[in-house]
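Listed after this line are the structures, all set down as structure tokens.
You will see two complexes here that share subunit A, one where it goes with subunit B and one where it goes with subunit C.
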Partner chain A sequence: MLSEEYKKMNVFGIDYGTSDFKYGPISIGEVPEVVENRGYLIDGNSLMAKIMGVGREIVVGKDLPLYLEAREDLAERLIYPMRNGIIEKNDRKAWLIIRELTKYALESFAPSDEEFKGFYVVASLAVIAPRYMYEELFKIFGELNIERMLVRAATIIPQPLAVAIAHKTPTCVVVESGHGNTQVCPISMYPIRNAVIALNRGGSSANILTAEILKDCGYGDLAKEEGLVRKVKEQIGLLPRKLDEAIEYAKKNIDKVRVEVKIPGTRIKIDLGEQSWTRFLIGEYVFNPNHEIFNSYFKRGMPRPSDVKIGDTYFYGMTDLAESIIESVEKCSVELQPHLYSKIILSGGNFNWRTSPTLEGIAVTSDRKLELMMKEKGVENVKVTVTRDPTYSVWRGCIVYGYAVPYDFKWRWEKMEGWVNYA
Partner chain B sequence: MSNVRSCSLTLVCRFYGEEGGWRKIASTLNECGWITEGMYSRKDDVEVKCFAESNDRKEIILTLDMGRMDKILKIFRELVEALFRCCWYVDVYYHLRGSFAEKISEKFSVTDMEKVRKKIHGLEVLIEKKTNVNLLNISYRLSRDRVKSASKLHSEIIKEVIDVE
Partner chain C sequence: MPRKPSLREIVSAIYLDEGFYEVHSTENSVSVDKQIILSDGRRELILNILSEDSCTSKARIQDALIELMKLVEKFDGVVLAVPRKFVRMIDENVLAKHGIGLVIYDTMGAEEIVPPRFNEKKIKNNNTEEIKVLNPMQINELIYLRSEISKVMKILEEFEARLDRIEQEHRSLITRISKLEEVLEYVKRENVEIAREQYVKPSTSTNAPQKLPSFLLDNPWVEILSKRE
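Presenting the complex of A and B:
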């Protein structure tokens, strides 16, 4: 039964995010499985590994923390292959981890019955991913079939396009902000690649600032643990409508912004006290790190998001979010520009900012913030939408795409669409 | 992952011979008192979303927002009866995870078998268990004459879910 019906039952989405790796088949519902996009290389010479009977070289997935060794070379062995969305062509370790993660994901769901002839895999990469990443990933899918048929056919789509597909919006600007980077991508049926802007800023930048805030408030010991800092950021971070006004309000109304965070499963409680106004800095930093208040952090050694070149792509460090969208849209045809401004979609975990009724008019959601920033820069008729469950919208787009593309539609490099067949 | 997220309901609707798509579903639901906005239709605090459409527009996947289980319990029959105005059949899928998966597995006496077929209230039900991701899928093909049976099964599943919550 290798037909359209078989394909529809066996679509499998994989979102290779900069921090999280989301995966699962169409039959899983609306929420994919999530593990960190990382792998741990076991030291082959480790005596303990031999004694304990650890028979593999790479560990990925939910069990990974069980294998971490308390060693100085942990940072060298614990690898996040897609920190910037791009893997260097010759980065053997990173590709090994991607291979292992992909295998882990597919094997988690592959049925053992004989009717199963492999998944129709829709993978999603950063829009800035170069062609060799597509080629390498297609090669990995083929290699995985040597032991057992896991991939019947595969296709790869850029993450912003997946978001647009999930929202059935053919003309829009998708801003995908994950842990390691932010991609601004105008779409008119296909991504307008020469107008894509990448920012060297994402959730990790807000984590770094949160760690500094924690240090200033006397929690320096906790600030070293990235996972904990991330949780604190998610609990306390606020996005101000206007930063100066929000700080002034917070200093005068400490009781309204003060919050105590308890870390589940521990005795740890965090209270910023008099410094509770700094909660607004965390959200602002993601949208605009140019405010003078951040200079005091830079002067004390917090790294300033820098412009970097990875492969052929420039990642801008300090460009504010509204400016980067305007710059991107202005690279498109004038006729298209108003349509793009009228549909800006924000996606990715970095746009999940909380508000509360007590802070109405002071703290805002990401869509409201960006609309204000765009208006201040003279762009009218802007409509910004935050995707529902922004963390999963790329994976959902993968599933929607795989379900719609006919099973016999062959991959074409010139259009970057269709299925690469492994039968 | 919260409990609400750990239970979801998907309806795969097959239209009669002709093309249908979300436009057809939305107009049918509107006739039955639902209010459509974009890719969502709402009634009594229950929201149906167009998740995906096949390329030929002859099949569509709908998902239900599981925020209000009490309402989901009541509206199921009304919803599928509305869908049968334009659909030939509807494949119903419950996706249950974590504690929900464990509780429902117990209820339907599903062991560690990966796939089992059972007849429940006259419906041919397929129960698939993925132990390594703690996921349980319950699915069946629903035809117009089995709506009453499906409502019974739906009530049993959702009541268990509400109990776990």
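Presenting the complex of A and C:
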């Protein structure tokens, strides 16, 4: 029964996200399994490993916290392999973790009956992932079949394409903002790869700014804990309609912007007091870090997002979001451009900024902000949408892709599409 | 399930046991929460009930006491009923001095702390007036009839309350049935829709999906991607 019908029943989606690893077969329903995209390298000589009888080198998945040892070892042994979407070719530890996570995901769902001949795996990587990452991942899928047939065939698609598929939109611009970077990718049936723009800014940049704000407000000790800073950012961060107006309003109406954040399960309470206007800087920084107000932070040592080259891709540091979308769209045919501007999809937790009725007209949502920025730059008829379930969009796109693409469509490097067969 | 006795029933039970019957009750008094006028045919007793809420206000208690003093002139006996936990707020000696009775109550029952002093002179006068008109046989018959009427009135009130509750339940059941009918109609419609949707054929594999997830339905990409070759 190794046919189209078999493929449709055994599609398996994997999203190698920068923070979370989402996986599951078509039969799981609307929502995939989610674990953190990380692995812990066990010290085989440690007392803990001997006591627990750990015979393996790496631990991944939901049980990982049970194996964590001393805090000082965490930085070295707890590895997030895809923090900026790309793994270096020779980063052995990172690739080992990716292999272990992939095996963990497939084995969690592989049925034991004899009719099962492996999954049709659709994996998703950042659009800026270089070719060697594709090659390495295909190699891993093949190696996993040595012990037991887990992967019948596999393919890899870029994350923005998966988002467009999940949102049922064949022509659009997908802006995917992860922990370490932001990808702008126009799509018209296929991802238009030569129009892709990558920004060296993501959720981590807003975290860094939040940490600086916390330091300035007397919470320097808390600013060292990344997880806590992220939570505070999510609680206090606001996206201003116009930064200057928002700051002026906030300074005159402190009571309306002041907020006390309580960290659940702790005694920690954070109140920015007179500095509550800085809440607007956090959202603005993701969209546009060029405002002169950020210079005071750069001068005091906060790293300025710089232009970097990773693999074959340039990541721009300071280009504002609207500018990068325009630059990307203008690389496409003129005829296509209005269609692309009319469907801009914002995906990723970095676009979930809070608003409140008391700050109407001062704080805005991501779609409204981007529409205003585009209008200021002279682009009319822009329609921006924020994804409903950003966490699951890529996985859903993978499932649709695997379900629809014919099983006999062979992989071609020139198109970067099709199935690599392992039978 | 037995009905929980009302505050009125708890407090007046003491005097009903002594042969009194209810003549009139009101909740319109400005000074106390409830007033019940009881009679044993010969004497009229007014029972003034203060609720817990009223006892939290000193002014309200003082107001009630002044009102009681006025009632002494009109009725043969006056009684004040207060919640057990507020009994310390009332000086029973002062009440006893003025002939006002004191009853304390809680959810378990009521207790008479100070019995009311009946106005003997007034009773005597009343009796004399009645004796002038009625003979003893007629008086006893009148007392008995009043007592029976009071009982019938109470039973009627109880029936009225029960009828109210039944009508309320009836209305609530009608609403629930109409909602269930709407849901049933929706489920019937959905079942027809689902039957129309494309199902993946069942398989022996444990991974076989029973129906397609929502993000696959009406997705234009399915047609676009299925033409990849």
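Just so it is clear, the second predicted complex is superposed on the first by the 411 of 423 C-alpha atoms of A that agree within 3 Å, B and C clash if a C-alpha of one lies under 4 Å from a C-alpha of the other, contacts with A are read in each partner's own complex, and residues count from 1 in each chain.
In this section, a contact is a pair of C-beta atoms (placed from the backbone, for glycine too) under 8 Å apart; a residue touches a chain by one contact, two chains touch by 3 or more.
None of the values given here were measured: they were computed from a predicted structure.
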Following the overlay on subunit A, give me a clash-or-fit verdict for subunit B and subunit C. clash
Thinking of the overlay built on chain A, is A:189 touched by subunit B (first), by subunit C (second), by both, or by neither? second
Between subunit B and subunit C, whom does A:298 touch in the aligned arrangement: first, second, both, or neither? neither
Per the contact definition in the header, classify A:116: touching subunit B only (first), subunit C only (second), both, or neither. second
In the superposed arrangement, does A:168 touch subunit B (first), subunit C (second), both or neither? both
Of the two partner chains, subunit B (first) and subunit C (second), which one does A:400 touch, if any: first, second, both, or neither? both
Figure out whether A:132 sits in contact with subunit B (first) or subunit C (second), or with both, or with neither. neither
Have a look and say if subunit B or subunit C is in touch with more residues of subunit A. C
For A:108, using the defined touch cut-off, is the partner it touches subunit B, subunit C, both, or neither? Pick first, second, both or neither. first
Quick one: is A:417 in contact with subunit B, with subunit C, with both, or with neither? Answer first, second, both or neither. second
Under the stated touch criterion, which partner chain does A:33 make contact with: subunit B (first), subunit C (second), both, or neither? first
Kindly point out the stretch of subunit C, out of 44-52, 170-178 or 206-214, that overlaps with subunit B after superposition on chain A. 206-214
On subunit A, the residue positions that both subunit B and subunit C contact, one per complex: 8, 27, 29-30, 109, 111-113, 168, 396, 399-400, 403-406
Parts of subunit A lying in touch with subunit C, wherever the complex brings them together: 1, 5-6, 8-10, 25-27, 29-30, 109, 111-113, 115-116, 164-166, 168, 170, 189, 396, 399-401, 403-406, 409, 417-418
What part of subunit A is in contact with subunit B in the complex they form? 4, 8, 27-31, 33, 108-109, 111-113, 167-168, 396, 399-400, 403-406
Considering the complex alone, what residue numbers of subunit B touch subunit A? 1, 5, 8, 10, 39, 50-55, 59, 61, 63, 93, 95, 114-115, 128, 130, 132-133, 135, 137
Can you list the residues on subunit C that touch subunit A in the complex? 200-201, 203-210, 213-216, 218-226, 228-229
